[in-house]
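Next come the structures, one after another.
In the two complexes that follow, chain A is the common piece, with chain B as its partner first and chain C second.
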Partner chain A sequence: MSEPNVDGNPANTSSAHKEPHHLRRAVIIWAVLSVLGIIATILLSPIIMPPAASALDSADNFTFTVFTVLAVPVAMFVFVFLGYSLIVFRTKGRPTEDGIPLQPTPFIQIGWLGITSALCLFLVIWGLFAFYQETAAASSNTLQVQVTGQQWMWTFYYPQYGVSSQGQVLELPVNRPVEFYVTSKDVLHGFAIRAFGIRVDANPGEVTTTPLVTPSVIGQYEVACVELCGLYHSYMWEFVNVVSTDSFNSWIVDHGGHL
Partner chain B sequence: MRQHSTGFVLGIIGSIIVGFGIIAGIFLGLRSITGLGYEPAVYQAQKTGPNSATLSISTFPDSHVCHADAGEPQINWVTYCPSTSFEVPPNSLITVVIYQYDTSTTLVNGYFQQVQGTIGDVEMVNGTPMSQVAIDHIAHTFTLQSRPNEAHPLFVSVPLVGVPDNAPNAVTVDGNPYPKPNVITFQFRTGPPGTYIWHCYDPCGGGSPPFGFSGPMSTTGYMAGTLTVANY
Partner chain C sequence: MTEGKTIEGESRRTNLMQMLFPSVVSGVVLGVIGAVVFGVVVGLITQQQNQDAQLVAAYIGWTLFFFIGIGAFEGITTWGFARRELTLEEEHKLAGKGQGLWRYFRYTTDHKVVGMQYLALTLVLFFFGSMGAFMIRLEQSVPGAIFFNPQTYNTIVGMHGILMIVATIIMVSGPFGNFILPIMIGARDMAFPRLNALSFWLVFAAAPVFFSTLAFGGFPTGWTGYAPLAVQEMTPGMDAYCFTIILFATSTTVAAMNIVTTVLVMRTKGMTWGRLPIFVWGVILSVILGLTAFPSFLISQVMVLMDRVFQTSFFIATFGGSNWLYEHLFWFMGHPEVYVIALPAMATAAEVTAVFARKPVFGYRLLVSGLIGVCVLSTVVWGHHLYTSGANTALDGPYMLDTELISIPTGLFFLGMIGTFWRGKIWMTVPILFVAGMLVNFVIGGVTGIYLADLPTDEILHGGMFVTAHFHFTLVGSMVFGFFAGFYYWFPKMLGKRLDPVLGRIHFWLFEIGFLGTFLSLFYAGLLGEPRWSANVAPMFAVPNLIASLFAILIAASVFTLVYNVIITLARGERAEANEWGGKTLEWTVPTPVPLENFEHLPVVTSLPYNYGSPEPVTEKATGIAIDMPLQTQSED
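Take a look at the complex of A and B:
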């Protein structure tokens, strides 16, 4: 009986049917698909990802892209070797004996553990650094907004100006840091503004705060409840208007606030 | 004949009892939710001119008038009446008249003590204009809001003043005695056809918070519903 080669194939090369080099094939397919996947991720991310209206959300989108790029070769490794095995080594009949056992080598073992560890360590460090960036200290001109969730509407109060929002609108000035103090009057809600990259639970009887976020693009966005909260949960949303500083000041005065 | 052990027989009997218990639990559970979450018949505002209409509704402290066939506990739920599915004409001035028979429940979110979105940002309470109501004098709110991405957002929020706790029964509605109601009137304008939702934001559902938001507050047909702007 012949000894298996590194592919697990019989080493009898003198047979009429020469066995192809399966490992080389699979690695080439994996490499090509991984490169294509990475290119697709980089090109499609700006299209697929929601537009970012703050540096915080831009960083989040970039993190999503980087993590996806790193995940593509890993996912392709699994899919390609699984798919290759299913297609190439398929058999119609019931196997009469076990497959040839793999012969692990120190190179494979150390390489597998090393690459996996390095990848995980990189993700952890990246995550810690991103988290550290979100914990920036409040600046002197931070706008405070008290957010109250109640089935099924968000209401906003600006304590520095003594004014509440009117209707389903959250008004914010551009390029000014904002900190949201979020609570609920009834059940659990989830306060999220995707364009700003913030999301925090609204708990009855407690106040939770979001990271400091600075809207950087004038426009209209949406705040939504992201915690199933009852009958009209899907309607619990409001507009977020990011306006110029002058417009914001005018809005404050128009709604009875003081500058 | 094969003899079964006592444990085997007891197991069979126990399984039968548990099985019947599960079936009975499912039956009672389904029976208890009968009538919940239904969509009541549409109630149209009465047209009073080419671009005006009046919506005349009531709020009761129980469901004896509007849900007379309801069982416990729904028969004791607070409710809007005669429906919670309203229809009003587009591009019109809508006058809403609410006969408010219920007592007050302290508002937990001061935002809703303000009158918002009405003509002049006021409501008439028994003929007296008011722009806000003290949080402990409010029985319900009529808060009309837009659904996501509504092309023509509409927001109207009016606190409804409660009758005094010790007010004697003075009127009879469909054979049921109630105190003399507060008559609340306000106006707002509609735009193009669309569908909006409305809801009470006062914790009137019974019990202390957070229970005041359950029951009728979370069920269509009582303290929440829709307002459709449509041609008719």
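Take a look at the complex of A and C:
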């Protein structure tokens, strides 16, 4: 192998004559911007994130924020070193001489691999833990809801009460765990309630379930279809009403169900 | 067959028939006749009961007779069964020697002609695809389906998707992989010149099939063509989608085999694997990945067509089929495919950076191993597209692990790029601007991929606008920017003209600012929970969608700037030098326009082409060692 340029890394030695210490400068800029970025992420995320109506969704939102905090220094590293190079090392017109033929030292190679691997490992472990925490044990008062997607509406059936939501509104009592059994009559649909942090496909011929979710805030939220299901896919929106237990019970009775 | 010696002499006296046959004109004429005949015959057999069968038959007729008309089978009895080998004159005729501009409209085997054909096709596809994008932004700028009805909108989304996917898959490996790559490795042509022509004309033949969907009601499935919907769909426009994919997947397979073989066997003396330019690594890894990925796409579409035409039930749950089967087949192609797009564009960026920073690639072997790592790991990540399918397999964890492992070799790419910029003598040209933009966008696209790879966050983002914004950041912001870096870099070599650098800079800044504005606001819409594919934007997402649409105007302006720049350069651009940028790879050592057999004497390579800052030459020049190779090595096989 004739590879002529496997020199050391002269840029990193402090003996560079008269040149400003570029590496130190860039690292300082990177550190400052990263800290600012992380602070901004922490301050802004409550404003940017949509309100969560279940512990599951707040946990997902929290994971999102944690990952963003990690991502800021990574992105800043590229932005700063790229920007610094483009501003400081640019030539006027066509360069007449060549750049310094740098090659990565073993230290840089191993360090870089180590840092990226550690970050990657953290993401995987965090993801697995956060995900398996969601598989909570079913409690005795779990509300079961059978969700059926069809072109282009959702219907909700409450087998424990023998009642079906006729007005295409998903009515749920607050602070009671719900388990959704999701299927489809025709093509693939995607059952998603952003405010609860649940999302699962409605497959024809299969019944899929979501993790156990407990709506914790009274209010109105949306069910969306998140798999392209044909002509009126984007009209396949319905409302979720999270109401008090009393209101829920009277809603059941009003719709001809038995308590 | 016409005798080769008479070609030159007769070329001035050829009559119109000889000029048109064989050429794309006769191909289209025969193809249309073939389509009508096949469609009518099958219509008679099925008594007009099966529109899908008729249409698929028409597409088959079109394809077959188009290739007869364009002369793909020319000489097959003479040479195809090895009754005798081609003479040099016959090879030159096939390569388009002395045919002027007509060679671009024929089944020409010269790799440079094929490269130019691919370049033109890529730009045309990009243009139509971007028009689709602007229509999407128009529709989504305000809530409610106002500008298009949902059926039209769904078709526009699907057409935009397929046009862009096809364009991005061919954008680097097609134009530069065909034109530049053989010169870069010191070859006189590709290993299989006729397959090379076949791969291009298959994409070309797919275009009318694809656009015919407009005449048959469009297709509602978007570019993914998810199966129960694709089978259920009554309008025959869906068949156009399936058949387009079949043709396109065949084309990529043919092209991939050709490029792999070329790099394996046709490197010049001294061009060891350790001296291959990064670009060649990127292209060959990409096409190897394509060879594993695309067959499953082809098969999935054959199965959908069988479900539609013969009422089989691969994907129909009531008859024992499964939509998960389709999802697996599709994403087994779909995820490696984005790396098929990514690898050559990343490699192009590395190639360009070394030239304009006047520095060797920082950590050549590390960077190449990064590309190899991406290539290997990406074959088994497709399951993350099924996280929320409800299948809940035990593999969700491993899929997540593998998906996130990809960030390690991708990190090596960033190390190589940043290291190449660092302490360089950076010449701020248009290509390097696009590389810089690519790196900025690629970081954003990369870190947002983490949220989608990780199970807990994917749960709030899957199937939403966040996904759309993420893959636009990687495919458009990163890879299309990488393509444009290559486009501005190699345009002077390919066309011999200098693109206007001022217009190039305007193109870049309009594109970059418009792009960031558009897709950063779509990230926000996705975070709020907006689903993809919405003709009717829900009112709560109206603001980010409007902002995105307004920024898209800048992207539209950038598209027209590029079109204007290309047209004005072709019309009256300055002539470029043979080595316009001072590059050291072999394509800059040959004259512009590149002669038919590329090299007078095949060069002997002695080092990596990045020895900036070192006096050693890349090739042994004028030492008398240059060797003469037989002209077309194909005939040696």
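Things worth noting here:
Heads up, the rule we're going with is that the second predicted complex is superposed on the first by the 227 of 259 C-alpha atoms of A that agree within 3 Å, B and C clash if a C-alpha of one lies under 4 Å from a C-alpha of the other, contacts with A are read in each partner's own complex, and residues count from 1 in each chain.
The criterion applied here is as follows: contacts are C-beta pairs under 8 Å (C-beta built on N, C-alpha and C of every residue); 3 or more make two chains touch, one makes a residue touch a chain.
Source: prediction; values computed, not measured.
Bringing the complexes onto one copy of chain A puts chain B in a clash with chain C. By the touch criterion defined above, A:P95 reaches chain C but does not reach chain B. When the two complexes are overlaid on their common chain A, residue A:H22 makes contact with chain C while staying clear of chain B. By the touch criterion defined above, A:M153 reaches chain B but does not reach chain C. When the two complexes are overlaid on their common chain A, residue A:Y181 makes contact with neither chain B nor chain C.
Judged by the touch definition given at the top, the superposed model places A:C225 against chain C, while chain B stays out of reach.
Residue contacts after overlaying the shared chain place A:I198 against chain C, while chain B stays out of touching range.
After superposition on the shared chain, chain A has more residues touched by C, the comparison being chain B against chain C.
By the touch criterion defined above, A:W112 lies against chain C but remains apart from chain B after alignment on the C-alpha atoms of chain A. Legend: residue contacts after superposition of the two complexes on their common chain; A:S234 is shown touching both chain B and chain C. By the document's definition of touching, of the two partners only chain B reaches A:S164; chain C does not. The interface of chain A with chain B overlaps its interface with chain C at residues 186-187, 204, 222, 224, 230-232, 234-235, 237. Across the complex, chain A meets chain B through its residues 148, 150-153, 155, 157, 164, 166-168, 185-187, 204, 222, 224, 230-232, 234-235, 237, 239. Per the touch definition, chain B reaches chain A in the complex via residues 37, 108-109, 111-112, 114, 116-117, 143, 145-148, 153, 155, 197, 199, 201, 203, 209-210, 213, 217-220, 224. Listed in rising order, the residues of chain C touching chain A in the complex are 145, 150-151, 154, 220-222, 224, 226-229, 232-233, 272, 274, 317-318, 322-324, 357-360, 362-364, 366, 388-392, 396-397, 400-401, 404-405, 407-408, 411-412, 414-415, 418-419, 421-428, 436, 439-440, 443-444, 447, 450-451, 453-457, 459-460, 462-464, 524, 527-529, 531-538, 582, 606-608, 610-614, 616.
Residue ranges of chain A in contact with chain C, taken from their complex: 1-5, 11, 22, 48-50, 57, 59-61, 63-64, 67, 71, 74-75, 77-79, 81-82, 85-86, 89-91, 93-95, 97-104, 108-109, 112-113, 116-117, 119-120, 123-124, 126-128, 130-131, 134, 182, 186-188, 190, 192, 194-195, 197-201, 203-206, 208-209, 222, 224-235, 237.
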